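Naming follows writing order (A, B, C and D), and every chain is counted from residue 1.
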């Protein structure tokens, strides 16, 4: 591509991502001059219509922010409400939540790495085009997703917008024998998890290195999913309640989603890559063995490698669910209740795409007065734009069409969930 | 039909939604592969970057119309498609985001956006049938993947697509659930909501909150009376009934009169 | 013990061997069953089945000696619309014949008054053919037939043949005429006083939309017809055709099993009750 | 009501009866406590039957109490078993081969069902008739019926009015009556029943016991009554087809068809034709009910568009038409439709009101 002229790369509508967005890259004097991740997914105003609804409805309503990761919303909103009311959820209910949530990681991760992202690395338009060359991969991907979905289905009724969960626990007691159905072909499922990871580890993934800030929950003894302290690779660790003090948000004219940065203005990355790098030791040993066999160790240094983190977490999730089922004992009560009281609380969970932050204030009748939701994808937009600037050289060395594709791939590294991201509240305005 | 090897050309579009209904297509798994023997996916942006132009034999539309852009888009889809199917309760009824339709829009915008004037959205989130003729409507939040598949199978053999739209209670009883209203005193929207989900909520011991939308001949007034008997205040009754499918014609009409 | 359950409600495949277009939305089909079905009697019906599409009760509008069954169908819903896309050589399924037909034995030596509205002439056509075939067994034949407009009249190509039946008449009417129409305009009930049958020794056979049948009964009673001289073919939603699915009840009767043809006296009590 | 010999035993004999039936290789289906209600289910052991548990059944209301009392009709009726809610009838392949499904038919004992449900089975026998549903007929062939007579009917029971209870008189293999926890009277109703009871070495009931039995049943009959009488009921209902009660009740009725679904005699079904991707297709039969909107809908019209008309049809069918169709009433007084109506509509009250209306009119 020649140097001096001015041109643009416009991805009018991103494909193979959830939701409606585009990218606009301006190139001037052989350098990427300006990047805009343009989110035109229509706003849905959840924070507005949540007002006045019962705290009990928050899980069902917020789940509908995202059809790919509804459980993350269920978990975050339930946990925030439980914090307000001082409810301690039973161990059994927590285990069920974790199982289902891991089921969602599998469903969401496999959807992304197998269906949406792998085509990029193999130069294809869609997974359907991959089917002929790699039938086993597609079969495994479908089987893994089916199994992940089945986990959610048994515990919650259906994979998308499950109905079985509530503030305080679950709506009904799940019998151990119901869960054991999942173990019928468990050995094969484990093998599938491993095969998928191995396949991903052999993809031609671009090698680039640059510095990034990662932020995620950090587990104490377990890989983080439902809770943890917030940590980053700058050495910070803080409780979830302080999250808001550490970040700033901006509304952009070109985007229906907010952009988030650290207080010092630096973008940060949340999601599998961040979790992986900050919690590597907590991944199941079986997973680490495979990674190390293929020569991968943390930190993974570029966002193209996020696909590896996803595949690793998928295998981890499969292993984890098996262990949780074994440990599971039916509780005597499906859920805990507490006297309704006014209050405010924050909860962060690890959605497949990263930290999902919920904050609620309720009145003494249990009505929601205020809701604030920060989805992971919104947190990643600043990083996406930054990323394209950083890999600029790589992009500009390619012919136009490929360059455009690389821009798209770069965005896809984040597995953006655009529907989720069109939420905003409390912000600083950046006029462009 | 018109696609490659006589396959029907299918397009999947997304408007204002959570993508959960498109997800149902992908969740078909092996069945999706079987379907691909008969169907060419010509446009499905979430799954493929190979977006082919119309005309399409069948367009599945997920999501409600809530921006001026979408209003144009649906009209365009209609012009380019032989059969249009609204998939899910957003497309069919306006969806959960239609809960804002019950509020003052300027207030709504202000609650969420610092710069409300930058936001391009219609005042109301509406079903696509408000803008174009819809051949078949599948409801559900999300749509039931098997019902969606069944619709496609019916279209494939060239018949009118049909599903029973009787009360959820019938499905609930066929499944052998224990009625939560009778055995627990919990309000349940089942009597006015159509079957299709598998009576999921009652199967999990809770009342239905109406994500599949009203039956053909629902009786929300009678149900509201019953909820009042169960001890709910009028405000609570309205709030229960005003949920995922609140902008469907019968529920909307009921709420308007109930709250007057 | 694993056992196979064979439903008695199993259709027999039948080939479409001929199709005659009747009106813009009606066609007459000739079906040749692959296995012999019982010979239908005038007024009986079959269930027409198309796999994956549905099933619908349709009257027999003609019976041929070689087992071919003739049925006239209006395209109005799932099954009927689909049937219209099929052609010669295609297979459908048939069950039946079911139901009680017209009381042919009671017509012997009587004047026969046929009153048909729209598609309602279809089940009456076999009666006309029977009277024609065994002309001497019956008295005068009077056919009164009406449709919304001339293009909706069935079997127009046969009208001359009907007219040629000795000792008979064919009176036609339409609700709305067009430029080709020179005959009567108005509802079919207006023809009843014009029919040259002897009400004391006649039997009236009526089929058409429910509302038309109500007016017809009134008009017939005015002419002196008694409850046991009027027969009506009723219609209700139907799934099984044999009195098991429950849908087709009119009062205590199953239209499929006890009907579809009823003497008026039998159903009089329910006939006038709104939404019974 | 009181015919045939009675034998006396206690709880241990009842348990032995259960065991004896098991030993004869019957699958046993009976009442069990599940999800907070008593319902029919497969029983592995006698202990699963919740004795000492009572149910409170009122219009639109059901709760369990562990108070040493008795429970009445379980949520499920035998219909669930004999006439399953959803059944594949056949599959047709692309080239028109018809494949029938096969099902497991095991010797099954219905243990401890109530007299009203026994009566319902007998009604279904007649409804199915010679054209009847093959599945039903096959299930029916293999059925052993053990009935528990009711000495404590519930608030929603009106078997005595319908003449189906509180004690069964015929049509069972074995009937038993728990006078109290120590005395249980057994009654054979068939050769097979007598043969099974023969294994228990029971004593003939003493005259005192027989007397107590009679008194208990008569007392129960007093309680299991509706506010109307069957005498002339069909005629009265037909005299009042335009009753305003139907319209009043339609204000409360939800049209949900729960009453149809739970009724042990409601038999209507809908058929679904499902095309498959391989070119074959399935026919499926599923429960339907006359409260369904589409029930009387036809292409281009509707015979009972208004809910009041659908409600009226259900009453007329059970209490008028059925008699002429199948020679008995279509209701056995089990009270399920009252208990499981989410709107709490009481069928007995509706009928009483219609009757009153007619009486009122006659007085004027």
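We take it that contacts are C-beta pairs under 8 Å (C-beta built on N, C-alpha and C of every residue); 3 or more make two chains touch, one makes a residue touch a chain.
This one's a predicted model, so the numbers in the text were calculated from it and none came from an experiment.
Out of B-D and A-B, which chain pair has the most contact pairs?
A-B
With centres defined as the mean C-alpha position, give me the subunit B-subunit D separation in Å.
38
Taking each chain's centre as the mean position of its Cα atoms, how many Å separate subunit A from subunit B?
Inter-chain centre distance comes to 25 Å.
Could you grab the centroid distance between subunit B and subunit C? Build each centroid from C-alpha atoms only and quote it in angstrom.
Roughly 42 Å separates the two chain centres.
Give the residues of subunit B that touch two or more other chains, as numbers and ranges in rising order.
Touching at least two other chains: 153-154, 157, 159, 205.
At least two other chains touched by the same residue of subunit D: list those residues.
Touching at least two other chains: 270, 274-276, 288, 294.
All pairs of touching chains?
Contact pairs between chains: A-B, B-C, B-D, C-D.
Sort out for me which residues of subunit B touch subunit A in the complex.
That would be residues 14-24, 26-27, 29-30, 33, 36, 41, 45-51, 66-67, 69-70, 96-97, 99-100, 102-103, 107-109, 111-115, 118-119, 121, 125, 141-142, 197-198, 200-201, 203-206, 209, 211, 239, 244 of subunit B.
Going by the contact rule set out above, which residues of subunit C touch subunit D in the complex?
Checking each residue of subunit C against subunit D gives 1-10, 13, 51-55, 76-77, 80, 91, 93, 235-237, 239-240, 242-247, 249, 251-252, 254, 269, 273-276.
Along subunit B, where are the residues that touch subunit C in the complex?
Residue positions touching the partner: 153-154, 157-160, 162.
For subunit D, which residues are in contact with subunit C within the complex?
Answer in residue numbers: 89-90, 92, 96, 98, 100-106, 128, 131-135, 138, 238, 241-242, 267-271, 273-276, 280-281, 288, 290, 294-300, 303-306, 309, 312-313, 316-317, 320-325.
What does subunit A use to touch subunit B in their complex?
Touching subunit B from subunit A are residues 13-20, 40-49, 51-54, 60-61, 64-68, 70, 111, 115-116, 119, 125-129, 131, 138, 142-143, 145-146, 149, 156-161, 163-164, 166, 170-172, 251, 253, 256, 334, 408, 419, 423-427, 429.
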